[in-house]
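In this document, chain identifiers A, B and C correspond to the written order of the chains, with residue numbering beginning at 1 in each.
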Amino acid sequence: MWQALTLQAGPNAALVSLGAALLGAAAGGAGAFLTLRRRALVSDALAHATLPGIGLAFLAMAALGGDGRFLPGLMVGAAATAALGLWAVQALVRHLPEDAATAAVLSTFYGFGIVMLTVIQSLGIGRPAGLEGVLLGATAGMLRAEAVTIALGGAAVLLALWVLRRPLAMVAFDPLHARMMGINPARMDLALMMLVMAVVLVGLNVTGLILIVALLVTPAVAARLWMGTVAGTAGLAALIGAGCGYLGAALSASFPDLPTGPVIVLLAAAVFVLSLLLRGGRHYG
Amino acid sequence: MVPPTPFPNAEALVVRGLTVRYDGRTALEGAEARVPVGTLTAIVGPNGAGKSTFLKGLLGLEPAEGEVRAFGQAVATALPRIAYVPQRAAVDWGFPVRVIDVVLMGAWRRMGLLGRLSPALRDEAREALDRVGMADLAARQIGALSGGQQQRVFIARALMQRAELYLLDEPFAGVDAATEAAIIAVLKGLRDKGATIIAVHHDLSTVGAYFDRVLLLNHRTIAEGPVATTFTREALAQTYGAGQLVAVPA
Amino acid sequence: MGDFIALSLPPMVIAALAGVACALPGNFLLLSRRAMLGDAMSHVVLPGIVLAFLITGSASGLAMGAGALAAAGGSALLIEWITRRARMEPGAAMAVVFTTMFAGGVLLLEATGTAGIHFDVEHALYGNLESLIWLAAAGPESLWDPAALARLPEELTRLALTALGLGAVLWLFRRPLVATVFDPVFARSQGIPTGMVMAGLTGATALAAVAAFQAVGSILTIAMLICPAATARLLTRRLGVQIALSLAFAVLAAVLGYVLAGHAPLWFGLPFTLSASGMIATVAGLMLAGATLAASQGRAARL
């Protein structure tokens, strides 16, 4: 285990840990803006809405004679249905409160995803264990290319967050004023959701889709207890996320039975509880 | 006092036939306004007369019918030249933001996506805070301020926009006397430099001391013009309904 | 016929009862803007069940139900406490609590070697509806044979009692409940203990989630807590009609979904069945989509 923590468990495990750290940083940073915009749970619907896409992509790739587990293909499918889920939430919000729209989309898409998984299992084309990694995350046995994809995706999200930090903060603080200043709040919200979606897609193999919301939200709310500025909150959240991602992947490499997602989530929760106790629940300032 | 105005756009704001409806109820019916550049105008009228709606409607923040021109342009085009301060900003007061950061948000158009937050901009933000008497609270959290102080921060943010037309919704509501004096001094200073200010105002006794012009509103425009000729007992009776008037202007 | 009564009828009735038990409190969750509470509740049930099993060493429904209920209640208190203490958006507090507890449950399962022996995570997520069969049934005559009826799946009896109990309690407390979800400030001024009422609603939700979870898994629980109520909401403005419609939609989704899961693949010549829970959730969502389409075209008749 010590070897995994200090990057000596082989180059592949080291790469996976670094990838998970970058993913954690991206999730923490994006999550900071997401929670400040008060839309934490929409990301949960988004994450669950990836499942039907993953199933359909798996079926399509297997039908074409390829490997159903080909990660980029799965990510395209996941992105497609996640975008559809996001659109469905927006369509429902015209008639229902946002929380109800979120819950309805989450359960429907997830339910259909489960149906797709049973199709795959029944057709006998996928090893039953093949897709379960996307539910709870499995970094053990991850391919080198997958780890690189995760690292690059995390870095790209971090860069985009840095570029958009001012308009994102302005829309989260005062959407009306942002609009007066020529920023389109709806477009900024869409950009934020796209970044969250990128985190979800990249995180599928690390934390799994059920728990990715924790990697977005928990570091952010822990950081919020210490920091009095948006930049400080997002920065610290990214740092906490990176630490939890790195440590979680390393631990999971030492104990391959443990699904990676729950380990990372519990690490982040520990940071949150510690922050809550030390800060007495008070925000900075 | 004739402000230095370029000829074709001598009017900062022209509103024609502004109509706003909510859920079938008409809040404003064909409201009119014609506000010259370099003036300080009060919008006065009873509660529920549609004063806030007038500002939101002309800015396009509420779906409205009618024609609105600012400096001869459509409002959407002229938006960079306009600053708006709502009655009480609908913001999350627990938001992690310091006073100085809020003021700097007013410089977004000059900063842009990748522009540097230069020391000059920081100095300008401090100066804007100084003008509203808040310089020593620059590093405070926005949520730690009193209502009047928060109001002054949002006016400082508007100053940071370097606008030519300022629209303020009840800038003196719920603020202490010191804040009120500070704000009106800032507004008069802006006017003297050629800016145009329009503010919803509820205290009839200070209209004469604070403003050059008045717009009397009650679902429609009752009267508009210089305080001396327009802010009359008859016009007020027409605006508020006869017998409703308590404070009589001098 | 005998096969139908032994193999298909019990899961169908169980799914319908789970739908009814969830849709009842779901109507009030929808009105009080706490729809995502169902999502949270159905996730925290897992650690409760695992802990109860580890402590008592028994896989009986009663012990696990108690554990699940304790976890659900505890999580509700925790969400409330964190929301207040850290002045946080309730949604964020919910996300922190339920993901943490769910992760803890998974880790407990794996670390104690309980996984795979008595239950696994997949079972927790999408239930085990197809296995809830009535072996004692020989044919239609079993429906009035006390000896055979006594051997109905215990989930069926438990869900029937839960649905009935929830219906009775909600009907009894309908006035303070409606007043509280409609206008809590006014309700408080009228002397209604709104905090207690909301806690009661949370408890009812937890009870429904736990009872349903053990039979149909978390995914169907979330779907049934919100989709039928939301569908009904789009079609009517009257609360009584909304509740009645939501129950009808829940039952319809259960039956339709179950039939589709069992037979749809056969229509395509595929010799297998699909996840019934997943299919029922899908049907419930499609009903909502249909109602939304009708509402956005202004065609929805306001009953």
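The working rule: a contact is a pair of C-beta atoms (placed from the backbone, for glycine too) under 8 Å apart; a residue touches a chain by one contact, two chains touch by 3 or more.
No experiment lies behind these values; they were computed from the predicted model shown.
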{"item": "Top chain pair, ranked by how many C-beta pairs fall in contact", "value": "A-C"}
{"item": "Chain closest to the assembly centre - both centres taken as Cα means", "value": "A"}
{"item": "Centroid spacing, where centroids are CA-atom means, of subunit B and subunit C in whole angstrom", "value": "52"}
{"item": "Whole-Å gap separating subunit A and subunit C, where each centre is the average of the chain's CA atoms", "value": "26"}
{"item": "Interchain centroid distance [CA atoms averaged], subunit A/subunit B, Å", "value": "43"}
{"item": "For subunit B, residues that touch 2 or more chains besides their own", "value": "94"}
{"item": "Numbers and ranges of subunit A residues touching at least 2 other chains", "value": "38, 224, 283"}
{"item": "Of all residues in subunit C, the ones touching two or more other chains", "value": "87"}
{"item": "Footprint of subunit B on subunit A - complex, ascending", "value": "36, 38, 163-164, 166-167, 169-170, 172-174, 176-177, 179-183, 224, 227-230, 232-233, 283-285"}
{"item": "Of all residues in subunit C, those that touch subunit A in their complex", "value": "30, 33-36, 38-39, 43, 82, 85-89, 91-96, 99-100, 102-104, 106-107, 110-111, 121-122, 125-126, 219-220, 222-223, 225-227, 230, 233-234, 261, 265, 270, 272-275, 277-282, 284-286, 288-289, 292, 295-296"}
{"item": "Subunit C-facing residues of subunit A, complex", "value": "35, 38-41, 44, 88, 91-92, 94-97, 99-115, 117-119, 122-123, 132, 135-136, 210-211, 213-214, 216-218, 220-221, 224-225, 257-259, 261-263, 265-266, 269, 272, 276, 281, 283"}
{"item": "Contacting residues of subunit B [partner subunit A, same complex]", "value": "59, 61, 79-80, 82-84, 86, 89-92, 94-98, 101-102, 105-106, 108-109, 111, 113-114, 140-141, 143-144, 157, 161"}
